[in-house]
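Across the two complexes that follow, chain A remains constant while its partner is chain B and subsequently chain C.
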Partner chain A sequence: MSNIKIKSKNLDVFYGDKQALFDVNLDLNEKEVTALIGPSGCGKSTFIRCINRMNDVIDICKVTGNIEMDGMDINDKNLDVVALREKVGMVFQKPNPFPKSIYDNISYGPKIHGKGETKSELDEIVENSLRKSALWEEVKDRLDEPGTSLSGGQQQRLCIARAISVNPEVILMDEPCSALDPIATAKIEELIDELKKTYTIVIVTHSMAQAVRVSQKTGFFHLGKLIEVGKTEKIFKNPDNKMTQDYITGRFG
Partner chain B sequence: MNIVLIFLISIFSISLFFYGKSKTKTISIKDNIKLNALPKFYGYYLVLWCSIPALVFLLVWSLFEPTIIKSIIIETAANQGAVFNDKNEANLVYEKIKAIHLGTYFGDIDSILKESALAYAKFINLFTNSKVVLIFGIIIASVVYSLKKIRNNNKARDDVEVILKGLLFVSSLIAILTTLGIIFSLLFESIKFFSVINIFDYLFGTNWSPQRAFVRDASSITAAEYEELKDAFGFIPLIAGTSFIAFIAMLVAVPVGLFSGIYMAEYASTKVRRVSKPIIEILAGIPTVVYGFFAALTVGPFFRQVGENLGLTVSSESALAAGLIMGIMIIPYVSSLSDDVINSVPQSLRDGSYAVGATKSETIKQVVIPAALPGIIGSVLLAVSRAIGETMIVVMAAGLAANLTINPLESTTTITTQIVMILVGDQEFDSPKTQSAFALGLTLFIATLVLNYIAQRAVKKYREKYD
Partner chain C sequence: MSNEHTVKSYEEELQFLKDSLIKMGSLTESQLSDAMDAVIKVDKDSIDKIIKSDEEINKFRSKIDTQIMNLLVKRAPMAIDLRETISSLKISQDLERIGDLSKSNAKKVKPLPLDLPDELLGNLKRLGELVMKQLNDVLDSYVNKNFDKAKEVWEKDEQVDDLTYIAMESVIDFLSKDKKNLDFSTHLIFATKNLERAGDHITNIAETVCYLVKGEYLKGSRPKGKVIQE
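After this line comes the complex of A and B, so read on.
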């Protein structure tokens, strides 16, 4: 059994008066892929946005309860959010490269955190990040071109490269393949398999098949509650909860 | 008379609407026909048929009636022995005849004038009567025609659509033609000006003093006179003054406007935004003449006072005062346009930046502003063209002397101010002085057109990128 990287206990999230997460207790294992499944609006994305405090951006959002990473309280008011986000990278549903060159898209994060002081160090970080995201061979001759000129799948891998450029410990992926075609999706899944050797990964997905292919652990959310969590194999073959059974067999959702 | 006619036509049309509607209903019930359109469409159909031909006829008639009457009267007067040496004399006699008819002529009336006035009265009467008769004839004919169409189960709905489309087309045509008319009148008058003053003397001359050409007749300028004139219409001091004041204005408006736009878009809470945005936009609603006297009476003297205390000579009408106030006037344009542009930068870009650990100001500086830059440049260019075209503030606060200077404390002048100066008071339309206003107008028009075009291209390109 691997170590627990992130631990949430009695986590509640409110958007204004509306409660989005109810008492979520979920442990994420280190260097493993955890998939979160469930119908739209069930709180999967809300949950992963608690891990890097992205919910701070939304004024009306309030998080209570406990969530820890390596024993550190993520919800602590005095926590340095910048340092947290350096450790917890994020990839979004829609590829969102900055309107900058491919090179600048990757070097943006390291520069902000004061990494890569010389040009050659920065070059190295960029090359490593692009290699890890399996994009290097495709873009090495056109690092000056705008990131937006790449195809959708390439843009998403660029965003993954951007996330790993600051050398995080955890990568959060919010439906990273929902805007991509099957070929680009296959490439990203391959990449996730590779990345889990180095990083703890949480992926929100609407595709059961994807969850089965990439994850070791799966959590099923419904209406803001974590219904069931366990080894991916077990969840998909022999779930304990009837609701989970109904969802994965397509009876609702 | 015309107003009465128009009123009658309207009344008639409105009553026809109701008549047509009820008539259609009765027809469809009585004869048990299913008509092709709702009764109200037949109502509209009748209204359009009743009013448009009559109104068009009235318009055309009113356009030509005076000319026709005039030529008839002048001919009658000539037949009775009046002698006209040229057109002007004929016009004068015609005006006299008209005045006699109206009872407002107090000079001597000879027999020719008297006879002609009687003839004039006769013709006016005749024309008016025939106008009324013809209009009613037209109305009756078109109503009969259109009522018959209703019986024929005509597709009134389609016809109404076609006629309405035509009306809308005519409206847009009027707007386009007026614009074209203005451009051509600028162009032709400018050509007249440039046939007297060499275009290169105008574009590259460094002295502007058009008063020198006040009484000259453009058609008879000798070579010696031209030598004297040629350096009176130098455009350089005006474009320099205009750019200079616009530059000072932008120095004020761009930073303040941009920063307030950023604050509104990124930092202000919805509450603050809801209150402060309209307040900033009120600045745009203040009439420019108010800014003008504020600049001339408050800011200008204040600068002079401060200058005196510092031992500087400051003219009470200075480029600085005008530019500063103009800048304040333009702030809302820059701020509200850049606010819109920044708001339309997708949230996903900001999220991407926050997710790698950037702070808010880093995100704004390195991601949001670069993404919004084309749009911001567009808004600034629109503001520049606004500054260049602004008249009232500079007329009141910047002075009239065309100094070629880069000292913001001296008075300077702009293209628009000079156009005002040239066209105020008595004018002779064939003097190069007057015509130079058109040349200035044309130059200004081209400059702002180019700026607007570039700005709109920039904004459009920006939109395409994110839509």
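After this line comes the complex of A and C, so read on.
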């Protein structure tokens, strides 16, 4: 049995007067990939942004209900958000490397979190992170070149390397492959498979096929509500809810 | 009633596949019934027509295969659409096999003498009628997505097994009366066995329909005829 890493209970999110999430109860298992699917604006990204308190940066956003990681209340006012984000890394839709060298892209996080005090420690973190994100062989001889000089797929793997450089426990991925070609997508998916041995991963995706390929658990959101959640295989072969079926088979009006 | 797909052509492709399968099913029914008639009436004139109709069924099978390949490549179907697509593949295979068995039965008519006694053919006729009814019911269950009806067909296969045994007995009885009957009796035994095997393919189809409707396979082992169990 998998342990529950993150647990949301009666989670509501409001942007001003508009409610974006309604009473979401969702458990994310440790060292598993959970895929979140649903039409645009259904609340998938809002949900994952609750996990690392990214919604804090939006003034009008209000989060109620409960969301816990290993039993710790993520919404606790006294919680150190920087420490939380060290544990919960994030990768976005478009690769967004810093305008720095490949090396600095990776070493920046560990440095500000006080990890890797000597050059050789940092070198090690950079190499390990790039190896884990399957980018090392491609960039080892050009670490001082700008991150932005890499191809789109490489940039995305660089962002994943950057996320894992601070040794997080959870990685959030918000449509990480939507800007990538099929080969770069395949490399990221292969990487996700590898990373799930170490990290708990949540991926938002619009590709049903990708959700089937990479995840063990899938949640379907619609209009801010979690409609159905279950084993990925079950959701895509024989979902219980008609709305889920209509969505994944392309029958949404 | 499920909603229609956002992509109209996808909807049409799935409907086209279902229509093809239904047409293939009704062709298989006519062929099975014609082959049974030919055996019971020892009607040698209809043999060619039955063999020809098997070619039609085979063509349907490859047409359906192509449709399914296209659907898989173009649409990557999910959930009910995936089950519909995969079920069509399986059902068309079983129908094709039933067609082959009917053709084989039609070929068995050639060596039969025209004056076969009624009591010999009575049980074979009953078996044929039961298998026909089973095929008709299972195709109905497919068209109407009727789980209960498919399960009923699945359960009734034990009657097919029992009748097969009885029909075999009567042929063997007849055979034992006179060694001269050996030649064509063998053909009748094969014809009987073919009907039983057609029954098994119908049971496969019933299982597929159950999976199609509910998304899970029937539990437990297939019902076996009492005689066979002993």
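We take it that the second predicted complex is superposed on the first by the 252 of 253 C-alpha atoms of A that agree within 3 Å, B and C clash if a C-alpha of one lies under 4 Å from a C-alpha of the other, contacts with A are read in each partner's own complex, and residues count from 1 in each chain.
Simple rule for what comes next: a contact is a pair of C-beta atoms (placed from the backbone, for glycine too) under 8 Å apart; a residue touches a chain by one contact, two chains touch by 3 or more.
Only a predicted model underlies this, so the values are computations on that prediction, with no experimental measurement involved.
S.K.: Both complexes share chain A, so when I overlay them there, do chain B and chain C fit or clash?
M.R.: fit
S.K.: More chain A residues touched by chain B or by chain C?
M.R.: The partner that reaches more residues of chain A in the superposed model: B.
S.K.: In the overlaid three-chain picture, which partner chain does A:Leu195 touch, first (chain B) or second (chain C), both, or neither?
M.R.: neither
S.K.: Just checking: does A:Pro239 make contact with chain B only, chain C only, both, or neither of them? Give me first, second, both or neither.
M.R.: second
S.K.: Give one of first, second, both or neither to describe whether A:Asp59 is in contact with chain B, with chain C, with both, or with none.
M.R.: In the superposition, A:Asp59 contacts chain B only.
S.K.: Which holds for A:Lys94: it touches chain B only (first), chain C only (second), both, or neither?
M.R.: Once the two structures are laid over each other on A, A:Lys94 reaches chain B alone.
S.K.: For A:Ile164, is the partner it touches chain B (first), chain C (second), both, or none of the two (neither)?
M.R.: Neither partner.
S.K.: Taking the superposed arrangement, what is the smallest distance in Å from a C-alpha atom of chain B to one of chain C?
M.R.: The answer is 33 Å, the least C-alpha separation in the overlay.
S.K.: Which of the residues in chain A come into contact with chain B in the complex?
M.R.: Contacts found on chain A: 52, 54, 57, 59, 81-86, 89-90, 92, 94, 96-100, 108-109, 112-113, 148, 159, 162-163, 165-166.
S.K.: Okay, in this complex, where on chain C does chain A touch?
M.R.: Per the touch definition, chain C meets chain A at residues 2-7, 10, 75-83, 214-216.
S.K.: Inside the complex, what are the residues of chain A that reach chain C?
M.R.: Touch list, chain A to chain C: 208-209, 236-239, 242, 244-246, 248-253.
S.K.: Could you pull out which chain B residues touch chain A in their complex?
M.R.: For this pair, the touching residues of chain B are 269, 346, 348-359, 362, 366-367, 370-371, 465.
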